[in-house]
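For clarity, chains are labelled A, B, C and D in written order, and residue numbers in each chain start from 1.
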Amino acid sequence: MSKGRVCLAYSGGLDTSTILKWLLNEGYTVVCYLANVGQEEDFAAVEEKALKLGAEAFVCEDLQRELVEEVVFKAIMCNAIFEDRYLLGTALARPVIARSQVRVAERYNCQYLSHGCTGKGNDQVRFELAFMALNPSLKVIAPWRLPEFIERFQGRNDLLKFAAENNIPVSSTPKAPWSMDDNIVHCSYEAGVLEDPDKTPPKELWTRTIDPVDAPSEPQEFSVHFKKGVPVKVVTGNTVATDSVELFKLLNKIGHDHGVGRVDIVENRFIGLKSRGCYDTPGLTLARLAHLDLEGLVMDSRVRELRDQFVTLTWSRQLYQGMYFSPEREFVENSIVFSQRSVSGVVRMAAYRGNAYVLGRSSDSSNLYSEQDASMDSLEGFSPMDTSGFIAIQAIRLKKFGLQKIKDGEPLSKS
Amino acid sequence: MSKGRVCLAYSGGLDTSTILKWLLNEGYTVVCYLANVGQEEDFAAVEEKALKLGAEAFVCEDLQRELVEEVVFKAIMCNAIFEDRYLLGTALARPVIARSQVRVAERYNCQYLSHGCTGKGNDQVRFELAFMALNPSLKVIAPWRLPEFIERFQGRNDLLKFAAENNIPVSSTPKAPWSMDDNIVHCSYEAGVLEDPDKTPPKELWTRTIDPVDAPSEPQEFSVHFKKGVPVKVVTGNTVATDSVELFKLLNKIGHDHGVGRVDIVENRFIGLKSRGCYDTPGLTLARLAHLDLEGLVMDSRVRELRDQFVTLTWSRQLYQGMYFSPEREFVENSIVFSQRSVSGVVRMAAYRGNAYVLGRSSDSSNLYSEQDASMDSLEGFSPMDTSGFIAIQAIRLKKFGLQKIKDGEPLSKS
Amino acid sequence: MSKGRVCLAYSGGLDTSTILKWLLNEGYTVVCYLANVGQEEDFAAVEEKALKLGAEAFVCEDLQRELVEEVVFKAIMCNAIFEDRYLLGTALARPVIARSQVRVAERYNCQYLSHGCTGKGNDQVRFELAFMALNPSLKVIAPWRLPEFIERFQGRNDLLKFAAENNIPVSSTPKAPWSMDDNIVHCSYEAGVLEDPDKTPPKELWTRTIDPVDAPSEPQEFSVHFKKGVPVKVVTGNTVATDSVELFKLLNKIGHDHGVGRVDIVENRFIGLKSRGCYDTPGLTLARLAHLDLEGLVMDSRVRELRDQFVTLTWSRQLYQGMYFSPEREFVENSIVFSQRSVSGVVRMAAYRGNAYVLGRSSDSSNLYSEQDASMDSLEGFSPMDTSGFIAIQAIRLKKFGLQKIKDGEPLSKS
Amino acid sequence: MSKGRVCLAYSGGLDTSTILKWLLNEGYTVVCYLANVGQEEDFAAVEEKALKLGAEAFVCEDLQRELVEEVVFKAIMCNAIFEDRYLLGTALARPVIARSQVRVAERYNCQYLSHGCTGKGNDQVRFELAFMALNPSLKVIAPWRLPEFIERFQGRNDLLKFAAENNIPVSSTPKAPWSMDDNIVHCSYEAGVLEDPDKTPPKELWTRTIDPVDAPSEPQEFSVHFKKGVPVKVVTGNTVATDSVELFKLLNKIGHDHGVGRVDIVENRFIGLKSRGCYDTPGLTLARLAHLDLEGLVMDSRVRELRDQFVTLTWSRQLYQGMYFSPEREFVENSIVFSQRSVSGVVRMAAYRGNAYVLGRSSDSSNLYSEQDASMDSLEGFSPMDTSGFIAIQAIRLKKFGLQKIKDGEPLSKS
């Protein structure tokens, strides 16, 4: 008799194949789940392998559209970034994967959810917090945190031995000396040789971007059109994309071809460890810069200041830490959407050898930028004398400060 | 009899020469002041012109070292940036210039300070707020905000006519169709043809960086060494710089040669107008990236989070808005210095065609990054079972949230 | 021929009567406007006086409901407070008064708005920023900032002399040695003898609250019911109020009778001066405490933390500084409303001799508080072992910190 | 042979006596530790009981001075408060207790630390995070999170049975139907009958404050003197206290006698549960109000704004969550001290029947408040015309906002 039914996030690799077989051996029935979030994958081969190993069923869901529209576009709308450099490519995908996996588990009457995340990383936290919010009645089996499992599988050799014993096919391609995770947003590289933070990633590591040195010798121009903060059209040469997924893929292609979006950082995982990660994120890097630039033209300065300080940093941290299905993410995201009501317009850009440049920007709908107002040569509608009053009032506090310093024998004019 | 003595910030250009002569005509005695903050300038020619036009004295002070050590290094220490993109090149220089000008005014017994800033810009605010804090007893003459002055000089033609009438020599080089301001940190470009935010800046605009397209075809490697957040050594090839000004100039040269640090934005001036500015900031762009990267390795995550949200944004805004000589800038800067106690180490980088890349980083003094801790393969000193408890406790709130949503008929699992 | 038509905020007092007559003498046509925001006032007498002095028309609008529902309830929803103590009674009323005055000006085809605010206070800023946002085409006449006006009226004697010359009736009641402003929310007292911040306000100053020493010797119990953050019912004894204005007035009465809501502070005016103000704010003090308490029961902790830090402080400052009609206030207020979706329930309280106490609170709709969960005696659904993991993971950073301190020779255990 | 030596936080009560005996039965040697943080306690009786039960040694340390000077005064300096109402009485004491216990454990060569905190509360987290930072090599035994312990002791009856079997004396005084924790700062009451958040705490619950109804019918006046944010003198009638502990006790007495400082709230524990707590905190309530008030007089407005938003909330949360021995607490506390450089002066107050009132405040050292500046009647050194310019510049953005609204068909003047 089955111990129950498990919905296992299954990638077809050695780790999750081992988990699949181990769960079966333990007496569970297993439904394998694979999300299509735009990664490079032979989905049919994964399905075949799962069923051959004994999965009761295999389900693959294409989540690219919900990933792009529900989450990635929110990231663009708030210029999301973690610790000033990481565009959150992995973290953005986790909520839609977890939600889909829970839906599949519910459909197949599973009592358990399982995954192959390690016990030191962010992803276990992201998946499981999402699972618990999405359906608190489902239980989680996290083999890499089960004493019996980690005792048995102490290294790759133990996995290979188990594979041989259990007829798990093992890829003959040698494994890269680091681990990777990719989706429509980016590919991440970590662990293995990258654990030495002073070791430069080898040229062949990067999969989503051409090496800038090998990129075309001519810049490629393109434009990104926004409506209420959302990209609605990308144009380059004769190519025009207006569908959300298509335009995002077009940005990915431009970024890829010109080597834009590589980042190599040491970051702070949620559980308190520092970790080195490399990411190439071509399209989102371009979209983020375009959006940031357009906001300069059309967003009120004070709204922007509040949004930058309270919303962008907070939403980014929430996503990084797996707090997507939380009241606080909803609270913050409500502000993001509201802040974008006037963010419509076009940004013209060029990509060239690892970098992107803004060439110009315009907006039909906003009145905030005015050439006449900005012009140093025009005094139409502006009285410079007002500025004197403005400065004088601002200086009231500062004069007192300077006088107090003089009184205290520490004049500010002393360098 | 003189109406009093004015210390005028004098650049030798048409505007401030006009102001000099106008002040003299009005009956003031004028001491001309010129700061050397690392700009391209024929200082001797400016002095000669000032004296020839009738200045009582001409004083030039070299402020490069105090600019770099007192202000620019603080900007590096907190990764200062305004509206996500502008590195504050102009704003950083204003406090040291203002302070020096006040010192000169005091030395020459001036009753007035004067400058040639326009009535719509940030610089008038920055200078005057500094003046008033530094020495509240000095009065300010801001000609471009005086009705009689702006009525008389309504355009460049009026200035040229006045120059002809008053024997003010006018440069025969045609004026660039934009205005520029440079110092050791950057050169800024604004106004004129740039007032159309959709017009791409012409190739010849940029003076501090080579066009990336024309940059060397080989990346240049270099390393930046930090001690308590301050850059203390820069090495590239056989070149080593350890003096603060020298190492900053070396970073400028590397950035210049590889076209690093160009930014073109629409920003929000303090007085509430939007304005388009282009900036090339080679060395500070490199130093900022190096510093940011090192912090990933050696700074506690929670300190960083607080610093990013409260200190970086606040200090940057204070500098942008001319609030350097203020109690709040002192308050925030005290935190910056404290936050950098552990930020020591080396960052290896490469510059290539408009971009800079981190190749690796290391620190002898910090224990925060540990390859063993970070490694997915090692469980030394780490119990993965702890993570289960961590997740379970974090999920207490989230489960309630999910259950409430189910009860309210809006389950989170519904996409 | 008239110089134009002015809509003057007219209170019937000596100041605004002088302004009315002065405007008429200057050749303007004047429409007098008086807002009814719940202040003590003989409205008919003010009207009669205005018309007698020569106003073309007199308009009084009852704004109590829009003040309470649009603004005061928002203040309650976010627990608004300025500098930890001032409940913003004056500031809350300004936006609705300004908006109504603009509407009246538009209805009467006025080209000008005028008011009697002094040149050093907050109210001039609040009114005029509102005017300019509401209708940028209307011009403002602020007599107390006009050189000719302030030169002519240098003290109360000048005003009395002008009144005598112009047949302006002057009240025979001696003027209080401070200035007052009241509305349905509070009464404020400032200036005059209060300008010495070490002088205790005299017993007779307070008008909206009984002296706690003279209050009833028995506490009065009452309850406040909230729905989505808005008070919807107040009950005390047999009295029940459900209408917004009525229930707020009932809270005012309870607070009044028991001397609740007196505050005496030195605050920081927007223009940079410090100023001493006394306020008695009975009903809002009670409503704020009730709301704050209910949020403890029904609001998610992390949403609350974000709201407290970013929304409450920001909204309060915006209101204080007259930034009501601004994109940033709309931005922040959108968050306030969103944050209150679950804030429904009842708070039972008592008022007694200057203070209010919470006696208990309950909510039918929220699942966040659970006696079983909270109980130290129950482990139903809670595994204490999880806490060990939670602590261990939280401690990863802290252990490194402690070890670094030991290594640096500054062990934390040294006191 | 002993399993090792444990330093147990021992209070003499049934819980920790059971733990002491249980540890001995398990084969550990136990050193009992009791902190004197100002609680009501018969210290000699606790010592006698510990030794009689078999403790190897008993150590009691008087920590009142370090608690007051190192932690409580920092709380006063930043006006610390958690969730707007709780003054953190318990949380403030935990760091000094943990530090002292670690010192004792080191002195006695213990390998273990133990405590009697429950598995659902904040204190276990506070103690253990502190232990791990202070000495990461010490291990923690938390019986109330050990499966074997909690299985054996499922309720008070099991404890009483174990006591009878092990000759543990049990107090004959009936236990209060809630749990209490007191120190020099406050007494807290939670659990038991208080778990129903709608049940009013009974009159006899409060131990540190007289019921306001029973308080004297005359207000008691007193003054608090501060130097750089620290209270240095308290005076009432003929009583003067200048020693830190003495002056704090004097404030406690004043607050006690007049029933000041009672709070009853539902708060959010760090581990994510909501919990109801009652606290009476007489002296700190008075000191906090005095300090807050003085800051109004002497602190720069902008520094205060930054401090309120970033420092006060953050430090309070850090203390609540047990993050005292952390880099981030050091980072924030550094700002607190810096912010207080000018906070010197005297606040005159009165306490009366549950409330405290500020009667006046003064400072010799600060120039920030000026009667002349504040006065509405004086224009000395102030040009009201400057305010016009100030308002006009502030309005630039707002006018554009209003015009855009009109263009969009949603004029702001529409209510």
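Side notes on the structure shown:
Criterion: contacts are C-beta pairs under 8 Å (C-beta built on N, C-alpha and C of every residue); 3 or more make two chains touch, one makes a residue touch a chain.
Small disclaimer: the values here were computed from a predicted structure and weren't measured.
The set of chains in contact with subunit C as well as subunit D comprises A, B. It takes 180 degrees of rotation, in steps of 5, to superpose the Cα atoms of subunit A onto those of subunit C.
Between B-C and A-B, more C-beta contact pairs join the chains of A-B. Annotation: 42 Å between the Cα-based centres of subunit A and subunit C.
Here the CA centre of subunit B is 40 Å from the CA centre of subunit C.
Averaged C-alpha coordinates put the centre of subunit A at 30 Å from the centre of subunit B. Residue positions of subunit C touching 2 or more other chains, listed in rising order: 271-273, 300-302, 309, 323, 326-327, 368, 373, 385, 387-388, 390, 393-394, 396-397, 401, 403.
Across the complex, subunit D meets subunit A through its residues 300-302, 342, 366-368, 373, 383, 385-390, 392-394, 396-397, 400-401, 403-404, 407. Residues 66, 70, 79, 83-85, 96, 99-100, 102-103, 106, 118-121, 124-125, 128-129, 132-136, 142, 144-145, 147, 150, 155, 179, 191, 195-200, 212-213, 217, 219, 262, 264-268, 271-276, 292-293, 296-297, 301, 304-305, 308-309, 313, 317, 323, 325-327, 348, 352-355, 357-362, 368-371, 373-377, 379, 382, 384-385, 387-388, 390-391, 394-395, 397-399, 401-403, 411-413, 415 of subunit B are the ones touching subunit A in the complex. Those residues of subunit C whose C-beta lies close enough to touch subunit A in the complex are 271-273, 300, 302-303, 306-307, 309-310, 314, 323, 326-328, 330-332, 334-335, 338-339, 393-394, 396-397.
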